[in-house]
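See below for the structure under consideration.
Chain IDs A, B, C and D follow the sequence of writing; residue 1 opens each chain.
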Amino acid sequence: MNIADVQIVSILPQTLLLAAALVVFLADLVWKDRKGIGLLALAGVLATFVATVVMLAGPGVPTFQHMAAADRFALVISLVMSAAAVLAVLVSLDYIVRVDLPAGEYYGLLLLAASGMMFLGAATHLMTLFLSLEILSIALYALAGIRTTDIRAGEAALKYFLLGAFASAFLLYGMALLYGATGTTSLAGIAAAVPSVQTDPMLIAGLALLLIGFAFKVAAVPFHMWTPDVYQGAPSSVTAFMSVGAKAAGFAALVRVLVAVFPTLYAWWVWPVGVLAVLTMTWGNLAALAQGNVKRMLAYSSIAHAGYILVGVAAGEAGVSGVLFYLMAYALMNIGAFAVLIALERAEEDAAGVELERMRGLFHRRPWLAAAMTVFMFSLAGMPPLAGFFGKLYVFSAAVRSGLLVLAIIGVINSVISAYYYLRVVARMALAAPAEEAEPARCPALTIGTGIAAVGTVLLGIYPTWLLNLVQGTLAVLFGG
Amino acid sequence: MDWIDALLIPAIKSLVVIVVLLLAFAYMTYVERKLVGRFVRRYGPNRAGPFGLLQPIADAFKAIFKEEVIPTEVDKWLYVICPGIAVAGSLIVFGVIPVGDSFMAWGRKITMVVADVNVGVLYVVAMAGLGLYGIFLGGWASNNNFSLLGALRSTAQVITYELPMGLAIASIATITGSLRFGDIIAAQKTLPLIILQPVGFLVYFISGMAEINRSPFDMPETENELVSGYSTEYGGIKFAIYFMAEYINMIVMSILVATLFLGGWQGPFAHLSPLLQLVWLVVKAAVVLFVFIWVRASIPRVRYDKWMKFGWKFLVPLGLANLAVTAVVVALVA
Amino acid sequence: MDAIRYLLILSAVLFSIGAAGVLIRRNALVIFMCIEIMLNAVNLTFIALSRQLQSLDGQIFVFMVMAVAAAEVAIGLGIIVSIFRHKPTTDVDDVSLLKG
Amino acid sequence: MTATPLETVLFIAFGAVAIAGALSVILARHAVYSALGMLVNFVALAAMYIMLSAEFLGIAQLIVYAGAIVVLFLFALMLIGGRRPAEQGRLTGGLAAAGSALVVVFLAEIAYLVMRLTGTAGAKGTVTPDVIAQLGHIQLLGATLLLEYILPFELASVLLLVGIVGAVMLARARRQSRQE
C-alpha cells in the first residue's frame, strides 16, 4: 500500500465540505457580512449535495485505502447529511443575525461537523470511525455553546461535552478490545476475523462497550440524559442540525459496524439493541407528553425517533434500507419543524425555546407557516401519506420479517401515543390568536428552507419508491469495491 | 559484569554531570555579575577572595544559614518540594546530550553521554515541560497573587515558545533525518547547521531565551510589576534552589544551542582527544552564554502582551515557513 | 502472570477509576480529568496489545487519541471558561437552569 | 511476551504509581491535587510505553499530556478560582454509591474476561521489537502514519482545526456585535 493508492475522488463530498469550511474561515477574516458568509456556506453545501447526487448516479468509486468507502450506503448518508446541511444553512441565514452569533465560526464549524458526519458514514476503519466521530462531536460541542452570552447555552455545551467525552472513552475502549481480539483495526479485517474468534470474551466485551458508546451518541435510553438539556439550551438552528446529523451519522456507523462486521454475532447483539429500542421509544414518548416547551418536546421526540430507528437496526440486514429511508425522512421533517420554531422564536425571551402557548392561533396569523408545521407534526406522528409514515412502515416491517414482531407492535403502540403530543401542537395552532402576539419572522431563506422541507416531506410520502430504490441493496456493497 | 554497564556507569556519569553542573552554576552567577557589571561600567563582585572569586561560596553559605521561613498560608507540601522539581527538571535534561564521542577506560568503551536515546531531542522538550511545574506550582502554592500571576505568565510563555522551538527542531530533524543527538552532531561534521538553518537558529535562540525565562523575557519575575513573581514568598535555601534551576537551565540551553546548531563537540583536531572535544563544546557554549548575558545587559524588558503576540504572530509563522521551505528543499535535493 | 494480562487488568483498573470519578465527582474540571484518565487507560491497552500483536496499528491509534484528547481539552476548557464568565462555579450541580 | 525480573519489578512499580495517581484524581479534596494526580498517572504511563518499545509515544505522552494538557487544566483551574483552597466538588452520597457499585461490577467483568483470555488473541503481525530496533521506531511509525494511515492523519489535523476554532470562539470575551 502506498501513496499512489490515495483515491481522493472517493471522499469528494467530504473534501468539498472541508474546502468550503476553510473558505468560510478565511472570508470571515476580511468580510463582515454575515449573510454573505452564510451564502458562501450555502454554496459549499449545495456543491456537496450535487457531488453526492452525481456520485450516486455514476459508477462506483473505489475505497480510500480501506479507510473510507464511497459505497451506496456512504453516499446515501452523504445525501441525507448534505440535505440536512442545506436546510440548516437556509434556516440559519437570518437566525444567526437575529440572535447575534459569529458567522465565520458558526458556518465553518457547521460545515466541519457535516464533513465529520459524512466521514463517519463512509468509515471502514476503526481509526477513521473514531476520528470522524470526534470531529463531528467536538464541532457540535462548540456549536452548542456558541451563544457565549447565554449561560444556558454554556450549560448545554458543558453537559453535551462531558457526557459525549465519557461516551467516547467507552467507544474507544471497545475499539481497543476489538483490536486485541482480532489483531486489526480495519472493519473488513475484523469482519474476516470474527468467525474464527466468535465468542472470544474480549470480542464480546469490545462489542458491548462499542454499543454503549454508540447508544450515548445516538441518545438511546438509558444513555439519553444529556439530550433534552442540550437540545433545549443550544441555539435552535444548531439543535435542528445536530438532532438530525449527529443521529444519522451515529446510526450509519452503528449499522455498518453491527450489520456488516458482526453478522455472525447477530444473536448476541439483537437483544441488547431491541431492549434499547423499546426503552428509548417508550421513555421518549412518555416524557414528551409532559412537555410544555415545544423545543424540549421535540428533544424528547427525537429520543423516541432514535428508538424507532433502533428497531430497524435490530432487524439486522433486512432493516438497513428502512433505517436509511427513516433517516432521510427524519432529516426533512425534523429540520422543518425546527425551522417553524425559529420563525416564531424571539431573541430575548425564547433562548430556551418556544413555549406551547406561543403556537396559539398561528393558523390565523400565518396560514402557510402553520400548514407547514402541520405537515411536519403529522409526519413525525407517522400519518400516511407523509414521509414519516413510510419510514416507520419500512422499519417495522423489516422487524417483522426478522421475526421481531414484539418490537414492531411496541413501535406501533408508541406511534399512537406520540400522535397525542404532536397533534396537540396542531390543535393549539388552530385556536384563536391572542391579540398582542408578535409577528413571526419573515425571511426569504427561512421560507425557502421550510418550504423545501415541507414539500420534501410530502413528496417522500407520495413517491417513496425513488428513495427506496436508492437505499435498497446498499448492504451488498457495504465495503465498497 | 552486565550490571556495570547497565547501572554503575550511568550512575557515575550522572553524578559527574550533576557535580559539574552545580559547580558551573556557582561560577555562572559570578561570571554574570562580573560581566553585567562591566557592561554598565561597574566592577561587579570584588571583595571575597582575589577578583571576588570566592563570592559564590560566600553566597552559598549565606543562603544555607538563613532562617527557614515557611509562610503560614502556603500549601506547605507543594511549597517545599517545588524548588526541587524545578532543579530536577533542569538537571535531568542534560542526560541525553553528548559532550564528546567516547573513550576507552579500563577496557571499556565509555560514551560521553549519560543515555543515548534515539528520541533525544524530543526527550529534552518533554523534560523542559516537566521542569515548568516547579515554577507553576510553586507560584500557586505561595498563596500570593503576585506569585500566581508570575506562575501563570511563566506557563503561558513557556507553552507559547515551545511551539516555535519545536518547529525549529522539526526543521533540524528534516535535514538530519534523526532525532538522536549523536546523529545530529555527526551531520554537522562539515557544516554546522547554523549555516543551513539561519532562520531556524534565530527562532530557536529566541524561543530558547524565552523558555529559560531570561531577562529581557523574565516575565515570571519582573521585579517592578510582580515583585519577583513566583519567588516572592521564597527565601533562603529554597530561593537559592530556584535560582540554581534558572542558571542550570541557562547552561543547558547554551549547550543545546551549541549542539544543535554549532556542531556540538566537533571542531578542528577534536578527533584527537576526548578532552579536546569537551573543550570545544565548552567554548561554544561559553560564546552562547556570553550572548545571553550581553542581551540581558543591553535590552530592556519587553511588555508581556507584546511578547506573547510576538511569539504567536511572528515566531510561530516564521518557524512554520522555515519548516515548509526546509522540507521542500530537502525533498528536491534528495 | 503474563505481562499482557497484567497490563490489560491494570488498564481496566485505571479505566474503572476514571469512570467512577466521572460518576461521583461534581466538579466539571475533575470530571473532565477523570475522562482523561479513562482515555489514557485505553491508550495503555492499545500499546500493550500493539506489543503483543506485533503490529503498529495500536500505536498509531494512540497517536490519534492524543490528537483527540488535545482537541477535547481545548474545547472543554473553553466551555468551562465561557460558563465561568457568567457564574463563578465549576460545580455541575450549580449549573442547572434547564430542567424538565 | 516474557519479561525479565527487572522489567517485572518496574512494571509493577509503575503500575502502582499509575493507580495511585488515578485514585488521587478522584479522591483529592482540591482540584489542583487532582491535576497533580493526573500528572503522576500520565508520567507513569509514559514510562510504561517506553518499556513496551513505544518510546516515541512515551515521549509524546510526556509532551502532549504532561507538558500541555495538565498545564492547561491547571491554567483553567487558576483562572477560575485557584486561589480559593476551599473544597470544590463534594461527593454526592447516593449517586456515589451507585456509581461505585456500577464500576466495581464493570471492573469485575473485565477482570473475568481477561482471566478467561486464552493465550494470545488475534493474528500476530510482523512488527516485532527486533524489527522496530532495526528500522528505527520513529522512521517506521512515520512511514506507516503517512503512507498507510494518511486519511486518519489528515482527519486528525481537521480535528485539531475544529478544536482551535472552537476553543478560541468559546473562550474569547464576546465583543460588541459586529457591524453588519
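Keep this in mind: a contact is a pair of C-beta atoms (placed from the backbone, for glycine too) under 8 Å apart; a residue touches a chain by one contact, two chains touch by 3 or more.
Small disclaimer: the values here were computed from a predicted structure and weren't measured.
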Ranking chain pairs by contacts puts first C-D
Per the centroid of Cα atoms for each chain, what is the distance between chain B and chain D, given in Å?
-> 28
What is the distance, in whole Å, between the centres of chain A and chain D, each centre taken as the mean of its C-alpha atoms?
-> 30
Just give me the whole-number Å value for how far the CA centre of chain A lies from that of chain C.
-> 26
At least two other chains touched by the same residue of chain C: list those residues.
-> 8, 15, 18-19, 22, 32, 52-53, 55, 57, 60, 64, 67-68, 71-72, 75, 78-80, 82, 85
Of all residues in chain D, the ones touching two or more other chains = 56, 60, 68, 75, 79, 110, 114, 117, 122-125, 149, 152, 156, 159, 162-163, 166-167, 169-170
On chain A, where are the residues touching two or more other chains?
-> 127, 131, 134, 138, 141-142, 145, 148, 157, 179-180, 183-184
Taking all chains into account, which pairs touch?
-> A-C, A-D, B-D, C-D
Over in the complex, which chain C residues touch chain A? Could you list them?
-> 8, 15, 18-19, 22, 28, 31-32, 35, 38-39, 41-42, 45-46, 49, 52-53, 55, 57-58, 60-61, 64-65, 67-68, 71-72, 75-76, 78-80, 82-83, 85-87, 92, 95-98, 100
Touching residues (chain side chain A, partner chain D) in the complex = 1-3, 6, 11, 18, 25, 32-34, 64-65, 67-68, 97, 100, 102, 105, 108-109, 112-113, 115-116, 119, 125, 127-128, 131-132, 134-135, 138-139, 141-142, 145-146, 148-149, 157, 179-184, 193, 197, 200-205
Considering the complex alone, what residue numbers of chain B touch chain D?
-> 75, 117-119, 122-123, 125-127, 129-130, 132-133, 136-137, 140, 143, 145, 148, 151-152, 155-156, 159, 162, 179
Of chain D, residues touching chain C in the complex = 1-3, 7-8, 11-12, 15, 18-19, 22-23, 25-26, 31, 34-35, 38, 41-42, 45, 48-49, 52-54, 56-57, 60-61, 64-65, 68-69, 72-73, 75-77, 79-81, 88-92, 95-96, 98-100, 102-104, 106-107, 110-111, 114-115, 117, 120, 122-129, 140-141, 144-145, 149, 152, 156-157, 159-160, 162-164, 166-171, 173
Touch list for chain D against partner chain B, complex | 32, 36, 39, 43, 55-56, 59-60, 62-63, 66-68, 71, 74-75, 78-79, 82-83, 85, 136-138
